[in-house]
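Below, chain A partners chain B and then partners chain C, in two separate complexes.
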Partner chain A sequence: MVESRLARYGLRLATGATLAFIYAPLIVIALYAFNERRTQTWPIKGWTLDWFGKALDNPGVREALLTSLKAAAGATALALVLGTLASLAVQRYRFFGRETVSFLVILPLALPGIVTGMALNSTFGEVLGIQLGLFTVIVGHATFCIVVVYNNVLARLRRVVRSIEEASMDLGADTWQTFRYVTLPATRTALLAGALLAFALSFDEVIVTTFTAGAQQTLPIWIFTNLSRPNQLPIVNVVAVLVILLSFIPVYFAQKLSQESAGGVPAAGGAR
Partner chain B sequence: MNQIPDITLERVTKRFEDVVAVDDLSLEIAPGSFFAMLGPSGCGKTTTLRMIGGFEEQTEGRILLGERDVSGLPPYRRDVNTVFQSYALFPHLSLFENVAFGLRRRGVKGGDVRRRVEEMLELVALPGLGKRKPRQLSGGQQQRVALARALVNSPRVLLLDEPLGALDLKLRKQMQLELKRIQNDVGITFVHVTHDQEEAMTMADTIAVMNGGKIEQLGSPAELYEHPQTAFVAGFLGASNLLRGRPNGDGTVALDAGGAVHVPDGSLNGRSGRVSVGFRPEKVRIDRAGTAAPDGLNRLEGTVADESYVGVSTQYIVETAAGPVAVYSQNADPGARAHGRGDRVLLAWSPESTFVVDTPSQDEEEIE
Partner chain C sequence: MRPVLRPLSMSAATPTLPAPPATVGRRLATFLFRRPKLQVGLLLAAPLTWLVLAYLGSLAALFVAAFWRLDPFTSEIVHDYGLQNFRTIVEGDVYRTIAFRTIGIAAAVTVADMVIAFPIAYYMAKVASPRVRGLLIVAVLMPLWSSYLVKVYAWRVILQEEGILNWVLSPFNLSGPGFGNVATWLVFTYLWLPFMILPLYAGLERIPRSLLEASSDLGAGGWLTFRRVVLPLAFPAAVAGSIFTFSLTLGDYITPTLVSSTQFIGNVVYVNVGVANNLPFAAAFATVPVLVMVVYLALAKRLGAFDSL
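Right after this comes the complex of A and B.
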């Protein structure tokens, strides 16, 4: 299709504007992290790397970072196991209410975080009597992390796996060996992509965390509480940059993985 | 025959919900044979194959491999291997590991695996490609890998589910001959499912023509072609002319359109009422009307309605009192085509080339 020159430039402009709209504020924060002064004024007068050292020495930041990493790792692990099992069940068996299960697994992604948070808070506190802490944060995050693992794995299972599982059983592999040597490796990149996305989702979550963390502080919560303290502002900027980086990296690799396998794995039809 | 069949199906029925895919099927497949199940899609041939492989369980009946009842056993406990229609190669494994998969599951180790895999790759004419991934192979190569992978465990029976369906015509012809050679080399029983009658006739020594979940007729390609027992078989394997009539009781059939046709002794066995007599288009001699045909042949007069020259033969449609008749006349002699459109001709064919089938009731409805 031949577009007019005007349309071509128009589209480029729109794309540029969209990207600027999304990323300009992030760049501003990133620049402030290198600001020499404690107060934020634009344009920035002098540059320094000092705040990075100070931020990394700050015990509150270190503890919050550690908590965030633990929570994200825990939520990702839980999501991997439960999301994979759910996708296997939905893909492999026809059972009463299968579509409903699929819908219910996906729903938490759309459910407002504040509702999920309230609900978990009441359930943990009043019904189950579990003290709020790292464990409850992990469970809270897992509710929406499961979805991304589930979706990624299910898409892969639907595309390739049934026929090669039959081939595996045909060649003498029992159910467990088939899972171990065929299903798992064939879905490996989908699992990894799901895990990376889940990690990124958990790492920057605020709302559900505020309801489930109790005395624990994750990095986003730490930022939130320190934002109002002018003294801490330069360190907050540095931490924000850290969070941006730690979210970018997993999403970047997840996308790369999805692209690779989309082009790489032949569909069930093989050579056609 | 006191040899134990490799595969025995005893009154096997398979129902999906309320659809009967395979209907009370009994079958024995002799060791070392190249057996084809041939039929249109939905005739139950693939379902039968999948039941032998263990991917579907029969609703009724028994399936035996040798003397062992394998009903209810999972695929990995059956001594059969399958070449799947889609090949189903493992995308994450190299070609070598794809072929080695079956060996490794049986605990074969190290040098034995290497030796055996290389033997198999040699057999399917793919040596030296072991490091490639399936996606780096062409369709024909993938098909060979699938074959090597299925043969590596030396199964009692190899099942092939439309294995050539995804290949182009030239490659398909080549693979047909190659499959036959490989079957000869390894001596394993092959059970082959196809809807392509030419493929089945080229490769198989025994063919079961299936229709509606049942076997219509079972026999060698020549038997099925020369003596089809049902109108379905006559129509599915090659072309045939069917003329309706009624047995006279003296070894002839009186045609509805008048005249009588001699049929082979015994071909009317037990039949009474309406029948159809059939003969293949290439068995018919075509001569100018009024020519004296040799004695003892069946005759029919008609007018050439259509004539087309296709190189090895000229194909005529001749309009007769009993309906249109197809005739393939080989162009053995050089020179002119003998008969043009509108010419009166005499058709003659031997009673030995004539077969008798039940009148297809469906056919009758179509005509009216």
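Right after this comes the complex of A and C.
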């Protein structure tokens, strides 16, 4: 043991404090969702479940939730296809500009969201003349979701030995059969983890969405516009809890999947 | 590798498999098998079309737009090229102040995140049991990318005049920072903390236990080992984490909008593109964070941060 007893106590204490710091604001906002009054003063005087019903009956919330789910599903599907294709090319072949592909995939997430949003906004609006709406949101989200799928699948492909694919080919399977019966099952959990993370990332995005959504409202955009309306704040609190749950659950399962099959952290974009 | 096929000493009547039916898919697979370059081309066609044409193309168009200008009378974009937008940014005190304020806060956020992230990352990497470590990774990872806006909103509620922070501090005759630069710094520090913890954890985990033991066997105390062994080895990982804390702060405009009234680079860009409709100026100002990041990334590369990403 290198660390002294005192040091270990200190580390444990600091770890607990950091976790408390990370989760306290989320707990506070969850408590406010049960607040009887419309004002946001602390301490909370009375408790109620009414706002949950009111939030679910709110047409704006319902529509925004639906838009968010559609956008996240569309972006995830596109990112899955594009990210998998790119990772297969980079992992299985040697070619000129291979490093550049990795760089290019990470770029949309590494650059400030406002730059990506502005660039796509002016391309859609002035160059292509496309009406901003659900379609443009999906395109924008897919652009920065590709990297999540790409990183997860790439990490998995590195561990799937090439020889089992060769064995499949030697046994008479063609390229498609090998992909379908060997490569796909071996990378399935990585694909799922990547898809879950991409879904959470898209579901939660604000900045690129602001620039690509036009009149459409996703759930985060709905929250942002309603923050300035004191009357709506109780419903905003409930929606906030909803968003926390809907984005924590996919990330949790993605992590579980990666830990079970790999014993590691899922490749969370550039963070790993 | 081509396996050497040897005739097995089997009976003469070795059953042979029937040749697979020559379907279109099969023929295509055979055709592609001998052409690996074509395979790569087909695999990359869609993702590269997307990223190069749609994304890089848009970025390039945006950069070109930075050299245009807005006619002050008609508010129309005039397509003649010049450096006037950049001159405004460099010469105008307002924009210089905003740029330096943003970079200063980004630096302060990075330092705070390094200090807060180190103990928990060290605990995860070197002290915790494998089970606890797994739980901690999930606990840190879950808030990484989820509910960004909700978190900022939560801090707005906490920091407000009659919020929980002032209520907690009032018995000690203290009060919270209120809305302003300190609040912005605090919220950014909070938001990007997981982005620092995870690379730092990965970096610390790679330090072999035996190095720490060797240092302690040679007579170094905990503090000396920390300073002379752990810190230098973990430094590239901290720089890797700082890429995120720095770049995410530079481009954000939601947090300053919600917990402060001072302007940051992101606010100026947002107002110019969304309200004032001055895309050329917004594009020009947006090159500031991109340039800062290019310099930062080059520095980080020299410090070896990319090996620990």
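Quick note on the criterion: the second predicted complex is superposed on the first by the 260 of 272 C-alpha atoms of A that agree within 3 Å, B and C clash if a C-alpha of one lies under 4 Å from a C-alpha of the other, contacts with A are read in each partner's own complex, and residues count from 1 in each chain.
By our rule, contacts are C-beta pairs under 8 Å (C-beta built on N, C-alpha and C of every residue); 3 or more make two chains touch, one makes a residue touch a chain.
Computed from a prediction, not measured in an experiment: that's the story for all the values here.
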Contacts of A:V160 with chain B and chain C, given as first, second, both or neither: first
Broader residue contact with chain A after superposition on the shared chain, chain B or chain C: C
Partner chain in contact with A:P230 - chain B first, chain C second, else both or neither: neither
Which of chain B and chain C A:P220 touches, first, second, both or neither: second
Touched partner set for A:D170, first chain B, second chain C, both or neither: both
Partner chain(s) touched by A:R188 [first = chain B, second = chain C, both, neither]: first
Contacts of A:L88 with chain B and chain C, given as first, second, both or neither: second
First, second, both or neither for A:G53, with chain B first and chain C second: neither
Common interface positions of chain A, toward chain B and toward chain C: 166, 170, 172, 174-175, 265-266, 268-272
Touch list for chain B against partner chain A, complex: 53-55, 74-76, 80-82, 84, 86-93, 101-102, 105-106, 134-135, 137-140, 142-143, 149-150, 153, 166-167
Residues of chain A that touch chain C when the two form their complex: 2-4, 7-8, 10-12, 14-15, 18-19, 21-23, 25-26, 28-29, 32, 39-43, 81-83, 85-86, 88-89, 93, 95, 101, 104-105, 107-108, 110-116, 118-123, 127, 139, 142-143, 146, 166, 170, 172, 174-176, 197, 200-201, 204-207, 210-211, 220, 223-224, 227, 236, 240, 243-244, 247-248, 251-252, 255-256, 259, 265-266, 268-272
Chain C - residues contacting chain A, complex: 1, 3, 17, 20, 25-26, 29-30, 32-33, 36-37, 39-40, 43-44, 46-48, 50-52, 54-59, 61-62, 65, 116-117, 119-120, 122-124, 126-127, 134, 136-151, 153-158, 160, 162-164, 167, 190, 193-195, 197-199, 202, 209, 212-213, 215-216, 222, 225, 243-244, 247-248, 250-254, 258, 266, 269-270, 273-274, 279, 282-283, 286, 289-290, 293, 309
Contact set on chain A toward chain B in their complex: 160, 163-164, 166-175, 177, 181-182, 185-186, 188, 264-266, 268-272
